[in-house]
Amino acid sequence: MKLLIINPNTTQQVTETIGAAAKAAASPGTEIVMATARFGADVIASRAEDILAAHAALEVAAAHAGQCDAVIIAASWDSGLLGIREALREPEVGLTESACKVATMLGDRFGLVTFGARSVPCYRNRVKSYGLAERLAGVGCVDIDRTRMYTDRAATVAKIVACARELIKQHGAEVIIPSGAVTAGLHAEIQAELPVPVIDATSCAVQLAQSLVRLRPFKATTGSFSVPLSRHVGGVDPAIARLFEPPA
Amino acid sequence: MKLLIINPNTTQQVTETIGAAAKAAASPGTEIVMATARFGADVIASRAEDILAAHAALEVAAAHAGQCDAVIIAASWDSGLLGIREALREPEVGLTESACKVATMLGDRFGLVTFGARSVPCYRNRVKSYGLAERLAGVGCVDIDRTRMYTDRAATVAKIVACARELIKQHGAEVIIPSGAVTAGLHAEIQAELPVPVIDATSCAVQLAQSLVRLRPFKATTGSFSVPLSRHVGGVDPAIARLFEPPA
Amino acid sequence: MKLLIINPNTTQQVTETIGAAAKAAASPGTEIVMATARFGADVIASRAEDILAAHAALEVAAAHAGQCDAVIIAASWDSGLLGIREALREPEVGLTESACKVATMLGDRFGLVTFGARSVPCYRNRVKSYGLAERLAGVGCVDIDRTRMYTDRAATVAKIVACARELIKQHGAEVIIPSGAVTAGLHAEIQAELPVPVIDATSCAVQLAQSLVRLRPFKATTGSFSVPLSRHVGGVDPAIARLFEPPA
Amino acid sequence: MKLLIINPNTTQQVTETIGAAAKAAASPGTEIVMATARFGADVIASRAEDILAAHAALEVAAAHAGQCDAVIIAASWDSGLLGIREALREPEVGLTESACKVATMLGDRFGLVTFGARSVPCYRNRVKSYGLAERLAGVGCVDIDRTRMYTDRAATVAKIVACARELIKQHGAEVIIPSGAVTAGLHAEIQAELPVPVIDATSCAVQLAQSLVRLRPFKATTGSFSVPLSRHVGGVDPAIARLFEPPA
Amino acid sequence: MKLLIINPNTTQQVTETIGAAAKAAASPGTEIVMATARFGADVIASRAEDILAAHAALEVAAAHAGQCDAVIIAASWDSGLLGIREALREPEVGLTESACKVATMLGDRFGLVTFGARSVPCYRNRVKSYGLAERLAGVGCVDIDRTRMYTDRAATVAKIVACARELIKQHGAEVIIPSGAVTAGLHAEIQAELPVPVIDATSCAVQLAQSLVRLRPFKATTGSFSVPLSRHVGGVDPAIARLFEPPA
Amino acid sequence: MKLLIINPNTTQQVTETIGAAAKAAASPGTEIVMATARFGADVIASRAEDILAAHAALEVAAAHAGQCDAVIIAASWDSGLLGIREALREPEVGLTESACKVATMLGDRFGLVTFGARSVPCYRNRVKSYGLAERLAGVGCVDIDRTRMYTDRAATVAKIVACARELIKQHGAEVIIPSGAVTAGLHAEIQAELPVPVIDATSCAVQLAQSLVRLRPFKATTGSFSVPLSRHVGGVDPAIARLFEPPA
């Protein structure tokens, strides 16, 4: 099977990091196709940037519609996930969505570790929008210089671990989800320091995408997740416009 | 004061209808500036189209940043509202957000009347995202041919009224919010047929925008609604990119 | 338009403080009529006192029914608000209700600063009764001697600011609502010390009352907020009894 | 032990009906003292009347403070319950509160049968304020002429039973709570027609009040249910004012 | 009346401690019959042990079905409570269920003090399953050596009190429920140190069981709490199998 | 990898049906090991039977601990799931848990179709206990004679489809989960009649179990899902007792 992984951030290096992690997580026979957002933020960190990322991800998804078996939205914001799920005929999963699903099969409540205080309510609301607020122990946040994050891995791991320990001790987190692409590849080091399962979101997304492909779910022909056909959409990439066209 | 009203749909006629309603609702001294989305759906009816609308609305808002006193997102989907609220320094309100706020000052639980079954869960989730799920009696839906909706006003009113009566009788709605631009201008006729308050969303948005301007709220310098400064955003309208630039 | 502002506390000085703040917040053409509770607590601080305040506020409202355009319940307990909303034909707003509505248009979750630990659960439950519990970051409480509160304004401001900072830092509050009449007039000083919007409840109530008057909402003739006509009520102020009489 | 039962309605006949039911439900050695509200509605049916009833009930409770072992608020609105619980040193229970507590020990979700559509949201909110919304299957409502209700018992029972069957069949109610004093004495007849437990609220309140007396709970000296001492309260019955005085 | 009290732990000494507390709490004329689980954990401390305890409690209940007036599940886990409530014709109450019901008649939110961190989420979920999550201030946990707990009562009391104070101060608990059999007999000492009501779960369960017996509730003949008749159950104690047999 | 599938019902035929479905759903290289409960109900249909099933499932799981890579609890009640998850070192999934997780990646809210009215609240509560209540559109119930269910497949499918259509139309279900082993093998026929995705719970459980095995999650050494070591458990199958023994 072929999985399309969309990086809604514009940073090619992030795409590569996620691609490597995804390939390592995929089963034999699963082909990984990576694609990067054409426009928007280099690293999404606000609702305004998420608006751009959602459009950019939809554009990429539209370009690959019908040519892959499932789509992974590879940003912890899950940018555009629900709209893409609606418009495409293939299954979709998001990084944070996948991580939450796996986490809730391993412990009571999970804690999310994110970067930058301003995204804390955004993650909390994202989890709430999935109907999983009761399973969220809390969202913790690490403040670290962007450059140092990539150059000083030991410091990054140490800060994530410290934040996770606080979530475990003070908020009763029984599973830890480190958010974001930056944590791809650090999973083993973080897990080694913590007494509860640590979730590698990319691996979870790959696994769940594979599962959905194998389950061959019927695409709804009614309801809010059926394809919004025969809509008039203009001024956008032709691939997007084609999504709304009735089948020939 | 000057209120910028953004129509995130691309249909100019809708912009004009809303503009007329907004001018009628505004207080003396309030200037209404109308603007229409440059790209996207003619009438938003799905999450995928809402993704485009959010970007288009952000683009319009960015172009007017600093030149108006408040912004109204004039689609019942409130497309892009929270991201625009974050990125601009002026207050913002959405049509459905405003309607919900007024409705909850008039009755116990409100009912939403919308068009097309597929948008029902979208509206329910939008209300839920505002933290107001407990005040929502239900979302009813009217099925009516798009053309007939604009040409046969009596039929449109009759269908909205029938749906509203069901919400009142079966779900205990004590206030009715008809969604969407199509209902602008029909308020008096709908109200005449119903025993509970009917909300005119455009008027509510104008009133609340005026109120916010007069209250002169401080723009947060921390938290998720502070301006996301010094971000790298590319491939988008320069006005959007400027939003993320630190002040000179 | 004419706004009746009811102080459900019996302290005339509080009435005057609120009156001054309300006049400053009102638009040109808005007349403010102040009235004070005839009986009850000088400053409401418990559920038992709130029971008395609700009756006293209803009595004042009844005496002015038909002679004003809207009513503001000017205590942070919003004493009697829902019952008065039901019995009168004019719109009503409460101080805390108004503050919550404005706060949720400015940030993700808000924090309430109140006076005296015993009222903390009462405010939390009040917010919950409005269906807004999800938007409440927390209720903080300042302990300060009543006399000092009025004589040492700098100390009062300092304590409110310290409590607000805790709500911002520990509980993620993105907007601060200082409760109560005592904070009327201190808004600018508190705002100057905090990085998020601070709500002036009296101004919000005046703005929302004005908005409701301009929207001319239909008075429900069915449901729990229609006037409870033809009820037999005895032993109370004749103005209250008249509320329940069918129109001539 | 001595139980004070306060009828917050002003109708003496209701007091007598409840008194008879309470005496039948009480254990040997339990003395029932009945008292009727001095002012307010003859039968509470709106929030405005509940405001008056709360004050009237507080007045009665104040007059008996220290002379009974527990207090029962004998209206299905539980008028003034929390304020009285706070101000008195003896335990209090309300009719609906007690009924809900017993119902949730007998089935999954309960249905409430009430009189008059306008009180439906009020009961739903009362249950919600007790934190029991998840256990509420629904509130059904019977419309019956007040006079006929008392003269044609068979018709009253038939209507309650029909409403209860709807709650059982359509909403999954597994226990039925008929509200109000009018249903006192009809319990056996209603139960005979239904396949799930029917709650007699008066009996439940008597049982729970007896239980609380025997448990001799400590009266909080801190928190929102400690006595609000040293407050200045004027213009009310001296017994009420005395509640707020510090002990000699 | 005769109350069967089932200890779902296998420790006979716990049965005796609870028996003594229950006898002290019972009204004259109430006979207490104690029974201990035949198999399972000596002191339940995990979900896996709770599975065993539920079966063991059901076995004891089945053996006494028809020979008692009500059943008390005397473990703070309320092991097997809902299944036993379903299968028997007599009323049942659990220790924690009873404690929560009484606590919510005395204060706003209650705090639970338990032993061992691993049971914290289990208690929280148990309260949530009763639909009472909104009334739960928090679950605190005491770590104390099992042996010392029984030999050094002063230390046990001190640790419970310290944990309770934290729940009162940091989480706004207005009532404290110490969990478990180990706290039976320590109630007076704990109460003496705290400014809010402390709940003695065993006494509450006895009181509520007595109340239910006196209320003589109808046993549902439909719904999820009717007896699951004519089921085929094999390989278990014959008394359990008999529960599912249709009446002769 | 080797997946242990436990049928907590005692009916061997159900084990075989599930085994066939599981083998069809498994990926190459996945070995399916089936096991049936030693005692309990032939088909679980009540909480009391679920108590027995949980113990029986734990017993089977204990016997296979260390000899499989993951465990599937193959009853729609997910009997004993959380306790087994805690006590074993291998991952576990339940049929309904898995179905809910997949359903929420395909649509907004899902509807559950079950058999027999008495299990409706039990399924609703199970979903609620997973923290997914907001995603549940409703639980519908089919009444069909047990024998006919197995002999007249067309009638069974027709009834499930009718119930599903009601959930879609009246309650907005966008995905349908038919519960129970009886529906194994009917998936294609049910899907053919419905316009939204139909979930095959067994296939979902197999896919998610495979995913968990591949993710190799760390087994918590703290928190409520760590192994409850060094507990004293008696009177049960030696394999269960061994679960609680500290590693050599």
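Order of writing sets the labels: A, B, C, D, E and F. Residues in every chain begin at 1.
Operating definition for what follows: contacts are C-beta pairs under 8 Å (C-beta built on N, C-alpha and C of every residue); 3 or more make two chains touch, one makes a residue touch a chain.
On a predicted model such as this, the values are computed, not experimentally measured, just so you know.
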item: Set of chains whose contacts include both subunit F and subunit C; value: A, B, D, E
item: From the options C-D, A-C or D-E, the pair that copies A-F, where over half of the contact pairs coincide; value: D-E
item: Result of counting contacting C-beta pairs for E-F and A-E, higher pair; value: E-F
item: Distance from subunit C to subunit B - Cα centre to Cα centre, in angstrom; value: 27
item: Between subunit F and subunit D, distance of the C-alpha-averaged centres to the nearest whole Å; value: 43
item: Subunit B and subunit E: spacing of chain centres that average the CA atoms, whole Å; value: 52
item: Multi-partner residues of subunit E (at least 2 other chains); value: 108, 120-121, 125, 128, 134, 172, 174, 222-224, 226
item: Pairwise touch network: line, ring, star, complete, or other; value: other
item: All pairs of touching chains, each written as two labels joined by a dash; value: A-B, A-C, A-E, A-F, B-C, B-D, B-F, C-D, C-E, D-E, D-F, E-F
item: Sites on subunit E touched by subunit D in the complex; value: 25, 27, 85, 91-93, 97, 101-102, 104-108, 130-135, 168, 172, 174, 191, 194-198, 200, 203-204, 207-208, 210-212, 214-215, 217-226
item: Subunit B - residues contacting subunit A, complex; value: 10, 38-42, 45-52, 54-56, 58, 80, 82-84, 86-87, 117-122, 125, 128-129, 222-224, 226, 228, 231-236, 240, 243-244
item: Residues of subunit E that touch subunit C when the two form their complex; value: 108-109, 134, 172, 174
item: For the subunit A and subunit C complex, residues of the former touching the latter; value: 120-121, 125, 128
